[in-house]
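Below you'll find the structure, written out as structure tokens, and then a few comments.
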Amino acid sequence: MDFTQKHILGIDHLSVAEIDLILNTAANFKEINNRDIKKVPTLRGKTIINLFFEASTRTRTSFEIAGKRLSADTINISASASSVVKGETLEDTAMNLEAMHPDIIVMRHSASGAPHYLAKRLPRSSIINAGDGTHEHPSQALLDMMTIREHKGRLDGLKVAIVGDITHSRVVRSNLIGLTRMGADVRVAGPGTMIPPGIERLGATVCRSLNEALEGADVVMMLRIQLERQGKSLLPTLREYSRFFGLNPSNLALAKPDALVMHPGPMNRGVEISTSVADGPQSVILDQVENGVAVRMALLYLVGGANNDESTIQSSQSKGVTA
Amino acid sequence: MDFTQKHILGIDHLSVAEIDLILNTAANFKEINNRDIKKVPTLRGKTIINLFFEASTRTRTSFEIAGKRLSADTINISASASSVVKGETLEDTAMNLEAMHPDIIVMRHSASGAPHYLAKRLPRSSIINAGDGTHEHPSQALLDMMTIREHKGRLDGLKVAIVGDITHSRVVRSNLIGLTRMGADVRVAGPGTMIPPGIERLGATVCRSLNEALEGADVVMMLRIQLERQGKSLLPTLREYSRFFGLNPSNLALAKPDALVMHPGPMNRGVEISTSVADGPQSVILDQVENGVAVRMALLYLVGGANNDESTIQSSQSKGVTA
Amino acid sequence: MDFTQKHILGIDHLSVAEIDLILNTAANFKEINNRDIKKVPTLRGKTIINLFFEASTRTRTSFEIAGKRLSADTINISASASSVVKGETLEDTAMNLEAMHPDIIVMRHSASGAPHYLAKRLPRSSIINAGDGTHEHPSQALLDMMTIREHKGRLDGLKVAIVGDITHSRVVRSNLIGLTRMGADVRVAGPGTMIPPGIERLGATVCRSLNEALEGADVVMMLRIQLERQGKSLLPTLREYSRFFGLNPSNLALAKPDALVMHPGPMNRGVEISTSVADGPQSVILDQVENGVAVRMALLYLVGGANNDESTIQSSQSKGVTA
């Protein structure tokens, strides 16, 4: 199957077959990341711009490592250093970067829809959404799906509980769309102020308590409470949040014995997740991070190289490292 | 012709033949930037330090992409992260970097003359001035000249209007010197507080109004009003500035019908330039940005590789990408 | 001899034979830094993360250049951009980075012992301490030892005077341990508030005055007065500091005529060191910086490549640059 998407704007734009292709491609790249020589020439001579209007160590580092291991040239631009401070429009900033002939722009922006807006205006570059406002974070959902599939062998028919601030989380939105599309059964739980009305229309079952969500779950995905944001107004106290919506060994026991524990990071230990659960045998949190690099290599490869290049990923691998 | 300059400190130091060589070399590199594989091994094993004491997304990114496409190792240092905050002298900072054996230091500094000062003190490295105070910004003038020549086939005999803050602009100074040297006829216009006395000695004709400058012009170069600086003291109001010195379709009609519209960016749309002109058929603003990468590749190549290397740019090209 | 250390946490962990091996390896790499093509494929396909929780232009740039000249992929992460601001623990930040399969994490942190703490917890990555609190800065001591050995032919039996804030300096600690281990005789001098009780147990002789320390010295190592820190409380005035503990031509005359003058930088000219001494014939301050890149290449090579790779540094060199 050929991947024909030019951009990766959201899970919403991806078919089941495309998601499968991305996850399979990522599994191949994961093997490269475990080699002694972690580099293939696949995107040599391509230029990737990481354009981050919001700070993010983890996601930017993951994309940068992914690009470099594919031999692309990677350029980092962070908002504080950017012309935006000088009053330039987002479109002008992007058009100017496009004029430098990047192949891919990986973009994070606080405004929902910003990457979609640019994708319509930039004639050449592929855009990968690395998180837009409260909208989508497709590479996060893909790495989550990859991690679940790796451990459970499938996504179809699994019971996935997602717990926390459902309203403001792009991680939830992308996962909800992706997991239900792949046949999983998703339940959400969180404080009333953090459950958006109408979430059922995206395929979620809303649970009235954490325990109800955990009951019989195959996967438990805890969300980060963003202390710097929600802490101010949407929560009574952190202690109360932790008591009602924090995962710990005793409530985790309500889920299936082999349920996976996931978290997109960075974690607030002792708030939304207890340390013993975060570091326990059911936790696949670090697998998520590891798979993140592989998923991002797959995305960069599929939008940046697959169409112009007859070489398949297998032949890139057999070519091995540049001499 | 061999390029024998060690540094690129300003247009003032370049002869007509050297400017021609740079623009011809840049035209060759532009072709590489349009390839699927945008990389040549020309500066492999060379180290380029981008030392920016003033923030600049556009120029830094352009130089970084240029260096990477030539296969150089590029290192970014920004002022805020720099030892200067610890009270070290500029000369000591530079001497310390030089001791790490970079081949080229690309430098932006708020003090006019800073790169010239260092060029005299650093025994080995080539210095490229990426903008010094209100003095010179040679790579900007070269990309402007490249863009004009591309569209008009020549520089000699063209009428070029430059409009805005003539006093504080290094872009103007470098362009004035370069364009007059190449035989163009340069006129300037702007508020009285922004026209330096004696500018005629650099070869400019001072116009009393925007309309007078536009009349019959082949090229119209609008300058950015730096809201964060000039807005405070030198201008009555932005609305007034825009009314007297903003380019719009009706005053642009005074110029030749095929006049080019240029702007060094970032633009203040609706202030010094209207959106319909900025995005109109006469605008070559994005060509300027595209040519910026090519001009910077040419500069890096000419100071960093031409003398030590018998290979010509043509043979680099035929060698193609590193295997 | 094989280098069997996985991490470089401090000079304290290195034997005489290991220090010799590092310095000899660095001498080989120094030759590469003087070539026209300053690049070897030694660490191609390896990933190095420069994780700096304290700002440092010099050390970060030196490690970044070292990594790139060995053909490694280098990723910079600075504290301000990091998840630490979001309340993540240091261990979680590091475990997350480790999950991306870096080969080496070069780390600077304001907390003494931070790299040692992580070295025990990260199962795979090698950690190089680029300065931890007031504890150790091993690459600085190694480049100092390399510079002394280069000029004096040996370390054994030399009289080394170290002058300044002995209490708060990781540079002093690492040098004291390293130099005494290699057979040098180290004396320290500084204001009473800056001499830690019990420093004699590390092998130092405490002098009551600068003059006493300088008397007959082979090497004079001046420390930076950190104006932003010590200036506030530990010093009466800078002028007084300079009068009692500043190096100038007249007190330097007390040392041997061919005594080396060293400083880890950045210098406060006119405070701890006079300009005529800093730039004088006995100064090897820029040699220290130059050797810094070579020492860091040696460290990266020894922890990142020596064990997994039968190729020796000599064969890397003869292979030369990647085609």
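Letters A, B and C mark the chains in the order given here, with residues in each chain numbered from 1 onward.
Everything that follows uses one rule, which is that contacts are C-beta pairs under 8 Å (C-beta built on N, C-alpha and C of every residue); 3 or more make two chains touch, one makes a residue touch a chain.
Treat the numbers as computed from the prediction; the structure is a model and nothing was measured.
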| item | value |
| --- | --- |
| Interface numbering overlap (same over half, different under half) for chain A and chain C | different |
| When chain B is superposed on chain C by its C-alpha atoms, the rotation angle in degrees, nearest 5 | 120 |
| Centre-to-centre distance between chain C and chain A (centres being mean Cα positions), rounded to whole Å | 39 |
| Multi-chain contact residues (two or more partners), chain A | 322-323 |
| Residues on chain C engaged by chain A in the complex (per definition of touch) | 41, 44-47, 49, 73, 75, 77, 81-83, 85-89, 92-93, 95-102, 308, 322-323 |
| Chain A residues touching chain C - in the complex, by the definition given at the top | 33-39, 55, 57-58, 60-62, 64-65, 68-69, 78, 226-228, 265-269, 286-287, 289-290, 292-293, 321-323 |
